[in-house]
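To start, I am sharing the structure in question, which I have written as structure tokens.
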Amino acid sequence: MSWAYIQQAMPDYIKAFWLRLKLSTIGIAGAVLVGIVAAFIIYYKIPGHRIILSYIEIARNTPLLIQLFFIYYGLPITGIKIPAQQTAIIGLVFLGGAYMSDAFLGGLRAVPKIQIESGRAIGLSTFQLSRFVVFPQGFIFSLPALAANVIFLIKETSIFTVIAIPEITNTTLDLIGQNYRTNEYLLMMVSSYAVILIPLSVFLSWIERRIRYANFGN
Amino acid sequence: MNKIRKIILLLSATIVISVIGSQLLTVKAEASQNGRSVKQIKKAGEIKIAVFGDLKPYGWVDKNGKRQGYDIELAKQIAKDLGVKVKYVQVNANARVDALNSGKVDLALANFTVTPEREKVIDFAKPYMKVSIGVASKKTNLITKVSQLDGKNLIVNKGTTAETYFTKNYTKANLLKFDSKTQQFAALKDGRADAITDDNSYLFAWVKSHSDYQVGIKKLGTQSYVSPGIQKGNKSLLTWTNSEINRLNQSNFFEKDYNKTLAPFFGDDVKSSDITITK
Amino acid sequence: MQILAISTIFEGNNLLRLLSGLFVTIEISVISIFIGTVLGLILGSLWTTGNHLIQPFFKLYLEIFRVVPTIPLLFLFYYIFPRNLNINLSSMQVSILVFSLWFAAEFSDIVRGAIQSISKNQRENAYTIGLSMFQTYRYVLVPQSIPNILPAFINLSTRIIKTTSILLLISVTDVITVGQQIIEANAQDTLVPLLIYALIALFYFLINFLLSQLSQRLERKFRKYE
Amino acid sequence: MSEHLIEVRNLNKFYGKKKVLDEINVTIPKNKVTVLLGPSGSGKSTMIRTFNGLEPFNSGTITLFGETIAANNKKQWAIIQTRIGMVFQSYDLFPNMTVIKNILLGPLKVQKRSREEVIKKARDLLKEVGLEDYENAYPRELSGGQKQRVAIVRALILNPELMLFDEVTASLDPEMVRGILDILKNLANQNLTMVIVTHEMNFARQVADKVIFLENGKIIEQGDGQSFFENPTTKRAEAFLESMSF
């Protein structure tokens, strides 16, 4: 272990850290948005929900690595050339949207039928019902799955290395290849993931506990 | 009915467990801190060699799944002279040092350029190839001077001497760093960058099959040498490999290797003496 | 040109090689999922017995494998540990080890949640008819939690299978490594990459899709008593 | 009085600081029916649950079948507990098993008895409670009363020497209650030792050989069933009986 190497690599890591934060924030926000929309379309069986269902199957059942390869190395042949960072975000939204819609759908389906019936009984429209009854309750139920997905998606950003985005994994592999200090760089890599993910993971268990108690009342 | 199901379940469980068992029980503790000696390799009957799988014409895999190339020919010859079989371990450039030092391979024959930094962490045997850094770009937008790369996107492969050169000596280009050769050339073709830098020898080979590209900068920095990489402190294998390379030089092995594997891929601007080392 | 690209797949033994690469992927996944399931069931059950001695270790293990991405884990087990501990595992063994431990960690948490959500009365009933702790888990708690575990189990399994795609980074000759070799051998044909990646995506899709269909069937079957 | 099956000495139990069982000294006679009475929250359920080790206690001893068990000895309980059957208020069958599998689990897996013998016995018992046609049904297909009958069969098939009933009719619809009580009465006539927690006063009056009356975790009165109902010795018991018979 050499402190000097760690110090020297610090600026690179800080840059990589912010880049990852940026990409995952945009990507996850987009995924949440796609997820909410997709979940509602399926929940209400709005026309086109079959297309959404196929999208979910495709996105969930193929690796992000291949999705990125396909967009980054495959698509240019057809004339569509998307820069690396945009490719990364598209990939994350595409993959994450499917996982998020699952989380939200699970939440929506956990809302008791009686709630919807009483909403209808007081004359709420479908939109009002969603806005005031179904979504607020369903969101709470979907929180554990949502948080788990966030952790999963942040971890997935390590795959961006294959399209040459200088995020943390890429930087690490690069520095290892140049300076051959594998121990130091892997340590930095793991800790820069831990900085974000450990608080998230603790938060996840916390809401899971809260929801369990809220649910069963003991 | 129930019994049959139970038997099937039990049977499949047994199969799975035995597969796992055989996988896990073959844990080998043979690798010492300094790697396997020649004697140990001979005893094991197999030498593990790190090679590239996507670097035509040095180390690549043909359509029949057979490994081909300049490095592969050398690997075969070494195994033959040791009287053992070869087990190829396909690596990327940035994994070569770790593959050696963690004992995953005995020898790295993967276009491994000798550099002072690398010599600190691994040992190199005698060189078998000459190389320098080159830069290739589109003919329509040819880069002939390093200064033309200011602020431009330049593709490098992680863990190569070209990357080190552009990180340490010339920092004005914007580097796109890829893990594998496949990815870097694909990115170049997609027009993701203005140029690519790597060892000049395979840039020459690559432009030959991609006629709209040209190696605009043929030589950057100093002449370097490519050597077999060996785990630090493995004296036994180092000594053996050094004398092996001497022997092969005397028998003109490298020139034959060049003619067989490289010549068909190079243009006229490369001669055998540009690549091989006669002495 | 297009016909040429498609014929690339059938040329030589390209298809066979892709399939054998796929088999490596499947082999690693199946073995890892199997070990991970057994280990995860045991750990998740142990957690719910309320044994306070093991809980901190369990928690630590769980957090490490949940938080650290697979790539550094693979590097750690493949390159770092051999040097420091003097044990040398092949890339296959490392993959299986890392994936099993990862699967077990995440799965044990799923099992824990499912078992904890079974009412306390079930345990008391089991106690009054004299079932031992092991029998209570074997006949009562675990079977009852299966319908709740199943969707998460399949979700996790597909994630493991998909993550095998990064094994090319530690020299496993999986389907993607083979794909890249084929792409490189046919570098002059620009359609080949698109085709190969689409084909690999199709392979992954088929495996995972079939798996999730199977799980939906099983779930319906298990839920029939509810 | 006759022989005692259970003898409880100076038993205390706390939930945190709250004392839920306070210096309990009781005896349960063999081959008789003992009824635990008392207002809600008096500790009846907690007490009956200490009789088979479900509820650990803080101090005191319980002697069952001549064996004395100190607080929290899990190993001792594991051996003795198999001789005791129990049925709860919440008729929780195992939802993942059919009726017959619910019943067979104990005798086959715990007692390791022969399959033929147990199946025959199970069918006899099911017939006795009027459920002979339901052996392959899943619990969700049964009514509350039917489930409770299966739960009783599930306990009886283990040939218990002592049966504990913890408010077994409390969550049933009124029309289901009778059937269950008839089964209990029938068991009482067979001289099985039973301890029953119930709020059904008429039923208690009919079956109780002995009554234990609790309030706030303390024994207020214990003794012969008939004399308790006709002639309670304490004011509290008197008040309780009055409040229950409207």
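Which chain is which? They are A, B, C and D, in the order written, and residues in each are numbered from 1.
The rule is short, and it goes like this: a residue touches a chain if its C-beta (ideal position, glycine included) is under 8 Å from a C-beta of that chain, and two chains touch if they have at least 3 such contacts.
Note that the structure is predicted; figures quoted are calculated from it, not measured.
Colleague: Measuring centre to centre with C-alpha atoms, which chain is farthest from chain C?
Modeller: D
Colleague: Work out per-chain C-alpha centres and flag the one nearest the whole-protein C-alpha centre.
Modeller: Here the chain at the core of the arrangement is C.
Colleague: With respect to inter-chain C-beta contacts, which pair, A-B or B-C, contains the greater number?
Modeller: B-C
Colleague: Distance from the CA centroid of chain B to that of chain D, rounded to the nearest Å?
Modeller: The computed centroid separation for chain B versus chain D comes out at 78 Å.
Colleague: Taking each chain's centre as the mean of its CA atoms, how far is chain A from chain B in angstrom?
Modeller: About 36 Å separates the centre of chain A from that of chain B.
Colleague: Between chain B and chain C, what is the gap in Å from one C-alpha centre to the other?
Modeller: Going by mean C-alpha positions, chain B sits 31 Å from chain C.
Colleague: Mind checking the centre-to-centre distance between chain A and chain C? Centres are C-alpha means, answer in whole Å.
Modeller: 19
Colleague: Show the residues in chain B shared as contacts by 2 or more other chains, in ascending order.
Modeller: Touching at least two other chains: 95, 98, 179, 186, 189.
Colleague: Which parts of chain A, given as residue numbers and ranges, touch two or more other chains?
Modeller: If we look for residues of chain A contacting two or more partner chains, we find 73, 161, 173, 182.
Colleague: Based on the touch definition given at the start, go ahead and assign the chain network to line, ring, star, complete or other.
Modeller: other
Colleague: Taking the top-of-page definition of touch, could you list the pairs of chains it picks out?
Modeller: Inter-chain contacts occur between A-B, A-C, B-C, C-D.
Colleague: Along chain C, where are the residues that touch chain B in the complex?
Modeller: Residue positions touching the partner: 8, 11-14, 16-17, 30-31, 34-35, 75, 78-80, 82-83, 86-93, 96, 168-171, 173, 177, 180-188, 190, 193.
Colleague: Which positions of chain D touch chain C when the two form their complex?
Modeller: 52-54, 78, 81-82, 84-86, 88, 90, 92-97, 105-106, 109-111, 138-140, 151, 154-155, 158
Colleague: Could you pull out which chain C residues touch chain A in their complex?
Modeller: By the definition above, chain C touches chain A via 63, 66-72, 75-76, 79-80, 113, 116-117, 155, 158-159, 162-166, 169, 176, 190-191, 193-194, 197-198, 200-201, 204-205, 207-209, 212.
Colleague: In the complex, go through chain B and note every residue touching chain A.
Modeller: 93-95, 97-98, 117-118, 120-121, 155, 158-160, 163-164, 167, 176-179, 183, 186-187, 189-192
Colleague: Show which residues of chain C lie in contact with chain D when the two form their complex.
Modeller: Going through chain C, the ones touching chain D are 119, 121-122, 124-132, 135, 139-140, 143-144, 224-226.
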